[in-house]
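Listed below are the structures to be examined.
In the two assemblies presented below, subunit A is common to both, partnered first by subunit B and then by subunit C.
So, the complex of A and B:
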């Protein structure tokens, strides 16, 4: 049975319509933050359901170009984009649920914030659906511009606006390089559609190869910038630090997933030529990303900055799998997809919990502030420990399995040196993650007065995330036949396959 | 006919050379200038340099696609301009200055209030 085209676009449609209608709704006096959040959740849940329907109906692996006569293969709906949309919509839902307490406490947030938030989710979803460089750029800009404004939304705080400005200047600069790369690729191949570029590149390899490689490099630079890899990581610490905590959680977990979604499609489908050229350089990029990220994470006193610096290290792990794609395509790609889920859960949990803890008053969140935290809030301390264990990749958490796949993939594909560096970086990461656990459990004295108690929706959601992390880790390592993360890996494999269905 | 094609290729090259010069000026402006207005204008200059490349390519390949791309880039640049200009206004109201050196809260490590 043929599914009508618009069914495939329903997830995008719901999020986009949600953004516009919240913009209109926000003009009413009676709209409160809580009502706005509920409306946002409603649209996101609708999108989530329709996305789940698309994933489950019809063939196991599918790839459709909806409205091909209008969009001309600019947008593709396949298992890959469905999988990533699930992550992104879930990221949106979790961010709203966790951040609700924070948004209500801080007076500057208004209902327009949720409209921007939905626009940002929309842009990210469009990015993983994009099958063409210019529509990818539009999607990237929709997501980024909404994020610029979201970061600077509390405009009375100097830190927020400066972070917003810094991100705006550097983000637009990266966007310009993306366009320059696109123009070079267009000059070489006369097309910007992914899939066609690769074919054209194979046919006209001789004279246009340098043009293609330069153009591809420019695009690669943009994405290395957006995921904060080594030479372009300097903005991340300041911008993520300056952003409100729920927005930081959203950016660190969700935006990274969206960008890897498009990067993976580009690299796997089209950029064989450029990837071969860049693999050697990427090895150094990875080593420096891991080393410098670890260094930055060690020297931080603030917990937020430490988590941000460690997200640079996690970018390094993800890039390890990206270079192994050339040798072992499928398992490396699905290890990236799986690691993104693992990191997404751990990061959104950790940032979200810290956002919840610091939502009352002007609290400085440093390591010292957490002295004896386990005595005051034992459950929160336990959840925070779970997130730290998962980020460090300790067995029985989902983070371990993610790292396991990435490092075995690196060894299989002959990049043993990268696996070694990655494992050393993991050892170092134990220091800065376990410092928090040690501080919480083994120290006395605390001046934490205004920590909110465990009530409301946010702690429930955070504890569900913590349980998922443990379940995902225990599921397939310890107990046989226990429904664990296997289906996530299967889905990752299927979504990789769906990239190669041609129509 | 051949002569015409050679002429086209020559003029395409000169257009791209011009665009790259504009692009470099813009890039230099972003990294070297302190005034946040000039930083913004430099980014616009870079975007317009890319527009020039696309339009020259459109003439060269006799295709409408690059011209459409150029129009889309103009639209995106307008969206970016809205955010840029409003941020410049907010920043100016805070510090009464357009010099980017005065915006240094993020560099002061110990003042990291959440």
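So, the complex of A and C:
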């Protein structure tokens, strides 16, 4: 049975329509933050369900160009994009659910915020569907521009405005590199469609090879900037720190997944030629990213900044798998996809919970503010510990399995040295993640601190995330026929395979 | 999916602990249930012991797929060597619970149960990733129990031991991953099961040496062997009694167990090649930590070092490459765990009653607490290896093994053991027997529960000393299997 093309685009459609309707709805006086959030969730859930329908219907692995006449293969819907859309939509849903409390407590947030939020989700989803460089650029900018505004949404706080501007200026600069790279590639190959660039490159004359390599490198620079890899990481700490916590969570967990989604498509399907050239450079990029990120994370006193700095380290791990792709294609790509899920869950949990905690009562910023937290709020402390353990990659959490795949892949592809550097970074990370657990559990709280217990839906969401993390690390030996680690790996493999279906 | 008795033994404490975590039961209720759990496990373990057949091969196997893509199995099994350590754990834990009976919080009991799951899991795992999984998971409750209930500069000690052990574990992890990849390149499919990993043939010598070192460092930190011991002192002296009990009597032994279970079959050639080195490292540890123990006036620190000293001796035994040394090492694992565990419990009580740990401030305990003194004496005699205790049998066998390995090693170790013995007597005399005029009126004698808890340890120490064959026959086939089949030594 042929599914109409329209069905394939429904997830994108729902999110896009949602963004526009919330923009209109926000003009009504009766719209409250809560109503806005519910509307946002409604659209996201619709998108999630239609996306799930696409993933489950028809073939196990699929790849479709919807409305070829109109879009001319600019957009592709395949298992890969479906898998990433799941992550992105889920990221949106979880951010709203956990952040709702924060949004309600801080007066500056209005319903327009949710419209922007949906626009950025839309941009990210478009990015993982993009099959062509120009449309990828448009998607990237939709997502980025929405984020610029979201970061500076609390206009009364100077820090926010500064972060927003910094990100705007630097992000636009990075965008320019992308465009320039695209035009170079077009000059060399007369196409911007992924999948044909590589073929054209093979047929083209040798004199065009430098153009292709320069163009590819520029695009790579844009992505290295967006994922905050060394030496383009300097913005990350201040921007992420300046953003409101739920937005930080959203950026760290979700935006990174979207960018890696497109990067994977680009690197896996095309760019064989350029990849060989990059790999050597990337090895150094990775080592410096890991080293510098670890260094930054150690010296931070603020918990939020530590998490941000450690997200640079996680970028380093992901890049390890990226260079392994050249040798062991499938398993390395799957390990990236898996690790993204693992990091996404842990990061959104950690950021989300800290956002919740600091939206109430006194602001808790530094490690010391969490002294004796376990005595006051044992439940929250336990959940926070689970997230820290997963980020540190301790067995029985999904973070361990993620690191296991990446390091195994690195050794398998001959980059044992990267695996060792990664292990050292992991070792250092134990220090700054365990420090929080130690501070929460091993000290008595000196002052009286008012953190009310979790209210509403947030505790359920948080514990579901924590359970998923543990389940993802323990796997499916206990319950048969229940999706466990194997299921996630199979899904990652399937989405990789779908990249190679040609129509 | 069917689960065997070994799975139940591993996971029962964890499930009980998680249940306690959720249910609103107080510290006392949790303690009672924890004790009951440990008794049930003791019964299960006794069943395993009874049904264990006399052979050197893995028994009670459980083998399920876990992560199929990478050939990671949920694979369990025990042989004679694991069996005796299992018996040890099952006996020690209920005894320790009786000693820790009063004044502990709920978190303490939950941590203890989680540690039990970690150590039994480590003991049964027959898959490298599964082993690593338990090995690391075991660390978390230890981290919590020292950090939350320790004394002195506990946070620093906690961070120190965590950093140390995680560094070792990560080195081991990278070796494990490397082995997995090597197996894949060798045979074309993934597996981390021990039975498969031992068949790897495509490693170069340099690679093997690095991997060997990765494993050995991880285990050496846990034991601790000589250059990796610096966490020992702070951790032992700042840990709560239950923590130091588990660390010294069980977890340190798991380091030795890891060497026998994994390093020996995976790198048999290197194991034989580096055996002289480790025999001497062990003897050096015996002497070095023995001298360090002499220097201590804090009684807890003194036992910490003397414990490390004996562990060095155990390492000498397992690397002696003959049946005496290895059996002696297995025996000393038991003897030492009983005696040191018991001593740490006794010292913990003394510290709790008197609030002091320094030897010169003690003395005259024997008058105030005669039963205490009797048990203390039994444990101490076992440590020094007096004939009639299990310590004698095991130390004698290891010295024989060391002689078999090289006469000089035998002479040095025999001499050291004698000197250590005389020192221990001096300490015993000074701290417990002599009337020094210090005020020890706060010292209480053992109560009924404590006597019940200490009796099995004392009984086993004497029984194993008088009639060791009872305990040898279960482990002997395993040791022979190690020597003949794995290390391929003909004339042991």
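Note that the second predicted complex is superposed on the first by the 489 of 503 C-alpha atoms of A that agree within 3 Å, B and C clash if a C-alpha of one lies under 4 Å from a C-alpha of the other, contacts with A are read in each partner's own complex, and residues count from 1 in each chain.
Heads up, the rule we're going with is that a contact is a pair of C-beta atoms (placed from the backbone, for glycine too) under 8 Å apart; a residue touches a chain by one contact, two chains touch by 3 or more.
These numbers come from a predicted model, not from an experiment.
> Contacts for A:404 in the overlay, against subunit B (first) and subunit C (second): which applies, first, second, both or neither?
After superposition on chain A, A:404 lies in contact with subunit C alone.
> Could you look at A:197 and tell me whether it touches subunit B, subunit C, both or neither (first, second, both, neither)?
neither
> Figure out whether A:396 sits in contact with subunit B (first) or subunit C (second), or with both, or with neither.
second
> Tell me the contact category for A:136 with respect to subunit B and subunit C: first, second, both or neither.
After superposing on A, A:136 lies clear of both subunit B and subunit C.
> Taking the superposition on A as described, I'd like to know which of subunit B and subunit C A:25 touches: first, second, both or neither.
So A:25 meets neither subunit B nor subunit C here.
> Just to be sure I read the superposition right, which of the two partners does A:155 touch: subunit B = first, subunit C = second, or both, or neither?
Only subunit B is touched by A:155; subunit C is not.
> For A:176, using the defined touch cut-off, is the partner it touches subunit B, subunit C, both, or neither? Pick first, second, both or neither.
Only subunit B; A:176 stays clear of subunit C.
> Let me test your reading of the model: by the given contact rule, A:340 touches which partner, first (subunit B), second (subunit C), both or neither?
In the superposition, A:340 contacts neither subunit B nor subunit C.
> With the two structures laid over each other on chain A, which partner does A:441 touch: subunit B (first), subunit C (second), both, or neither?
Only subunit C is touched by A:441; subunit B is not.
> Can you name the residues of subunit A that touch subunit B in the complex?
Residues of subunit A touching subunit B: 134, 137-138, 141, 145, 148-149, 152, 155, 158-159, 161-166, 168-169, 172-173, 176, 179-180, 182-183, 186-187, 190, 192, 238, 241-242, 245, 301-302, 304-305, 358, 362-365.
> Can you name the residues of subunit A that touch subunit C in the complex?
By the definition above, subunit A touches subunit C via 389, 394-396, 400-401, 404-405, 407-408, 411-412, 416, 419-420, 423, 426-427, 430-431, 434-435, 437-438, 441-443, 475-477, 480, 485-486, 489-490, 493.
> Looking at the complex, which residues from subunit B come into contact with subunit A?
23, 26-27, 30, 36, 39, 43, 46-47, 50, 53-54, 57, 61, 63, 65-66, 69, 72-73, 76, 79-80, 83-84, 87, 90-91, 94, 103-107, 109, 112-114
> If you look only at subunit C, which of its residues touch subunit A in the complex?
My answer: residues 1, 64-70, 74, 129, 132-134, 136-137, 140, 143-144, 147-148, 154-155, 158-159, 162-163, 166-167, 170-171, 173-174, 177-178, 180-181, 184-185.
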